[in-house]
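Just so it is clear, A, B, C and D label the chains in written order, and each chain counts residues from 1 on its own.
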Amino acid sequence: MTIRLADLPADVQEEVAATRTIVADLHAELPRWELVVWTAGNVSQRIRCADRIGQDLFVIKPSGVSYDQLSPEAMVVCTLDGKKIDDGTPDRLQPSSDTAAHAYVYEHLDRVGGVVHTHSTYATAWAARGEEVPCVLTMMADEFGGPIPIGPFALIGDDSIGRGIVETLKDSRSRAVLMQNHGPFTIGTDGRDAVKAAVMVEEVARTVHISRQLGELIPIEQSKIDSLFDRYQNVYGQK
Amino acid sequence: MTIRLADLPADVQEEVAATRTIVADLHAELPRWELVVWTAGNVSQRIRCADRIGQDLFVIKPSGVSYDQLSPEAMVVCTLDGKKIDDGTPDRLQPSSDTAAHAYVYEHLDRVGGVVHTHSTYATAWAARGEEVPCVLTMMADEFGGPIPIGPFALIGDDSIGRGIVETLKDSRSRAVLMQNHGPFTIGTDGRDAVKAAVMVEEVARTVHISRQLGELIPIEQSKIDSLFDRYQNVYGQK
Amino acid sequence: MTIRLADLPADVQEEVAATRTIVADLHAELPRWELVVWTAGNVSQRIRCADRIGQDLFVIKPSGVSYDQLSPEAMVVCTLDGKKIDDGTPDRLQPSSDTAAHAYVYEHLDRVGGVVHTHSTYATAWAARGEEVPCVLTMMADEFGGPIPIGPFALIGDDSIGRGIVETLKDSRSRAVLMQNHGPFTIGTDGRDAVKAAVMVEEVARTVHISRQLGELIPIEQSKIDSLFDRYQNVYGQK
Amino acid sequence: MTIRLADLPADVQEEVAATRTIVADLHAELPRWELVVWTAGNVSQRIRCADRIGQDLFVIKPSGVSYDQLSPEAMVVCTLDGKKIDDGTPDRLQPSSDTAAHAYVYEHLDRVGGVVHTHSTYATAWAARGEEVPCVLTMMADEFGGPIPIGPFALIGDDSIGRGIVETLKDSRSRAVLMQNHGPFTIGTDGRDAVKAAVMVEEVARTVHISRQLGELIPIEQSKIDSLFDRYQNVYGQK
């Protein structure tokens, strides 16, 4: 049975509205950091409302819409099976064609509050060779705690992309996976954290690519990677 | 005999005016996506008015004019033999030096409603080696349904560029051809669709180039390419 | 004896003022096309006033000034021996440290009306190997009529850079020379034409570099280069 | 004992306020020149007030704050042991996680008035191979007087990064060091000079990288490097 937005408790409706604004704003970061062209790429964020309505929801970009037209009102609200809810707008746009993958990740990794998908150039270039990005930069150790792993080749249309993401990331420190021949998916505690991971995975994919063009990379010892990752997760930024 | 705009039926005159605005606006996408420098590159769109005036027309950029000065009024209206019509402006600018190629494509491929030409960097780099871009990305399979083909070397000045484009694309899924030593031409259902193809061909040319710099690419099986192409043409976006 | 601007005929003073505006505006094109960083790079334009004051003048950028501060008033007026004239401003800025090279070119190549110098990345990369850019693109044949030649290594401080430019370009179709280990200098009929050459030389240096990274380039036959160059010089743009 | 801003002499308080504005403005140069992504990178500038309060201070970016939010008020004032002073703002942000490295440089190299750290792509790419950038461009000879040296691998958290920078640069003409597997640190007479060095080190790292992709670089003789460096330090710009 389709959920109707108007039937939900007032505080959940408010969270839906607030999350639409957040997700619309986060989409502006994708072209800003040159991670997407045309209408490619998408950001979603979970609404943790299972305690009140028996299930979580998430907000995601509509399919095939230009980045200039991504207002909060255009964002689509979905259940964790990837179906859009009835939000009272009769001509509600269809959600992103990657919605099923986002939904699968939220359903199977409870810690995930945000998901981002792009075809950013250097990350996708590693994906087209099926080769993980080795951890040779302190900023990679900080941010990802090791290499960026490769996920399986998977066709769109069922849950195989979602399963590939979850299988690859569930026991990993990395918040990014490079799906083979496809491109990066990133996860985070919320949409903003997943967008940061999308920015950083392209940055490290580019820098390591360029470095390796001219010779051998110097690896960082595992104990030092561990030390950097631990410190960054616990000391960096404002607490 | 030269066609005079003022003699055409009112609805055709209106379509000419609307198409001039569309084509002027689409030119702004070329520098936005960094596909062109200086005055290079051009977009055109067909006006389907053969039912009313016995032939179609198309609107194209004037030759050698800066992207800052491409107002709707500056756009040139041509017949399908590549000659500008008399639109009542005595000092009407000359159309793009690539007008003959656009005209030939419209004349010989009825399904084409828009044509774009650029010298975008990575697409042109494949063209200078005369090497097609292999289909190793799901977004290539989605958008082009296979590799991006190479067209013949052809000199400007007669219909040899147009013929090369038509010969290469007439039986292809690809909406882009890389003319050898020259650069990409793309086609679409209208000008916007051809601009999208120009953006996407540069994106895939860049990503595949960068990927192959560091090793072997993983091919995608033909059956999977077919599946992706079919789905994207029929499911993606808003219907 | 120093020339005083206030002593010159009124029409020459007007040309000086107009040229200062042109040269200031042209400097904005250098960062726009990403040819320069910080305060690097410079544009100059000749004032053809020998018929009236016995010698030509030229206007050039001041040395070490930020691109944000390049107003017409900041531009420096020089004689063809590279000395600034007395323009009535007591604290007149020093001209670009490359002024002697510009002056030498104007003095020895009468057809030149504009000179540009940058350290644009790909053009400078060819210069650091001392290797000319081969003519494998139709846009190179159009614009430069053949390869982009290398000039000698030359130290700043006397006329050796100017001599290197003139020796390399005086019998060449190319409007660009890559000075070894240094970077490109371009010439034109006026400042704008030289800026266009600076934009185009970087564009072709980049595209040919990227093409050659993955394999052999396809040369264009000399007769076809000749045909393209001739046509572009005589047919392209508005007459 | 913590220093209180309100207890300092009026002229030192004024210098603190002025330096906060300078350092905030200089941070805008880092994204402008594409040296940083997200919240990475930092600029600091020394306040020479040891004659009045017995020690110098410096102003630096807060940790993990977006470049859009770097107002003068957000900047953090520190003593040369890397501790923030009490500036009367109870919820004062924590200084950059690289503050200890900046502090160590100011403490041990009195000539240094500004420090910048980025992970700019090409400079970091050389650092990941532990390979100095050879001096093959006249602009490198001008600006750095020789190659860009590599500093040791060092973990964040104690003074080992600061020591690595000081050991590498104390007897060098270069104002930039590439810390292995990490990225560039640059120094200057003030913050702006260090930012210029950060811009220029990325520019030369990129150009030399690209040049070497296609073949052997032509070295510049040491005597000519000396001549260029001497001239640039003494003649370039406005005196």
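Note that a residue touches a chain if its C-beta (ideal position, glycine included) is under 8 Å from a C-beta of that chain, and two chains touch if they have at least 3 such contacts.
For each chain, UniProt lists the protein as follows: A, B, C, D = L-ribulose-5-phosphate 4-epimerase.
The structure presented is a predicted model; accordingly, all values stated were derived computationally and were not measured.
One rotation lays the C-alpha atoms of subunit A on subunit B, and its angle is 90 degrees to the nearest 5. Averaging C-alpha coordinates per chain and comparing to subunit B, the farthest chain turns out to be D.
Rounded to a whole number, the gap between the C-alpha centres of subunit C and subunit D is 33 angstrom. If each chain is reduced to the centroid of its CA atoms, subunit A and subunit C end up 47 Å from each other. Counting partners per residue, subunit D has 213 as the residues that reach two or more other chains.
Taken as a contact graph, with one node per protein chain and an edge wherever two chains touch, the assembly forms a single closed ring in which every chain touches exactly two others.
Which chains touch which is summed up as A-B, A-D, B-C, C-D. Touching subunit C in their complex are the following residues of subunit B: 37-40, 62-65, 93-94, 97, 119, 121-122, 124-126, 128-131, 153, 155-157, 180-183, 209, 212-213. Residue ranges on subunit B touching subunit A, taken from their complex, read 33, 136-139, 196, 199-200, 203, 206-208, 210-211, 213-218, 220, 224, 227-228, 231, 235-239.
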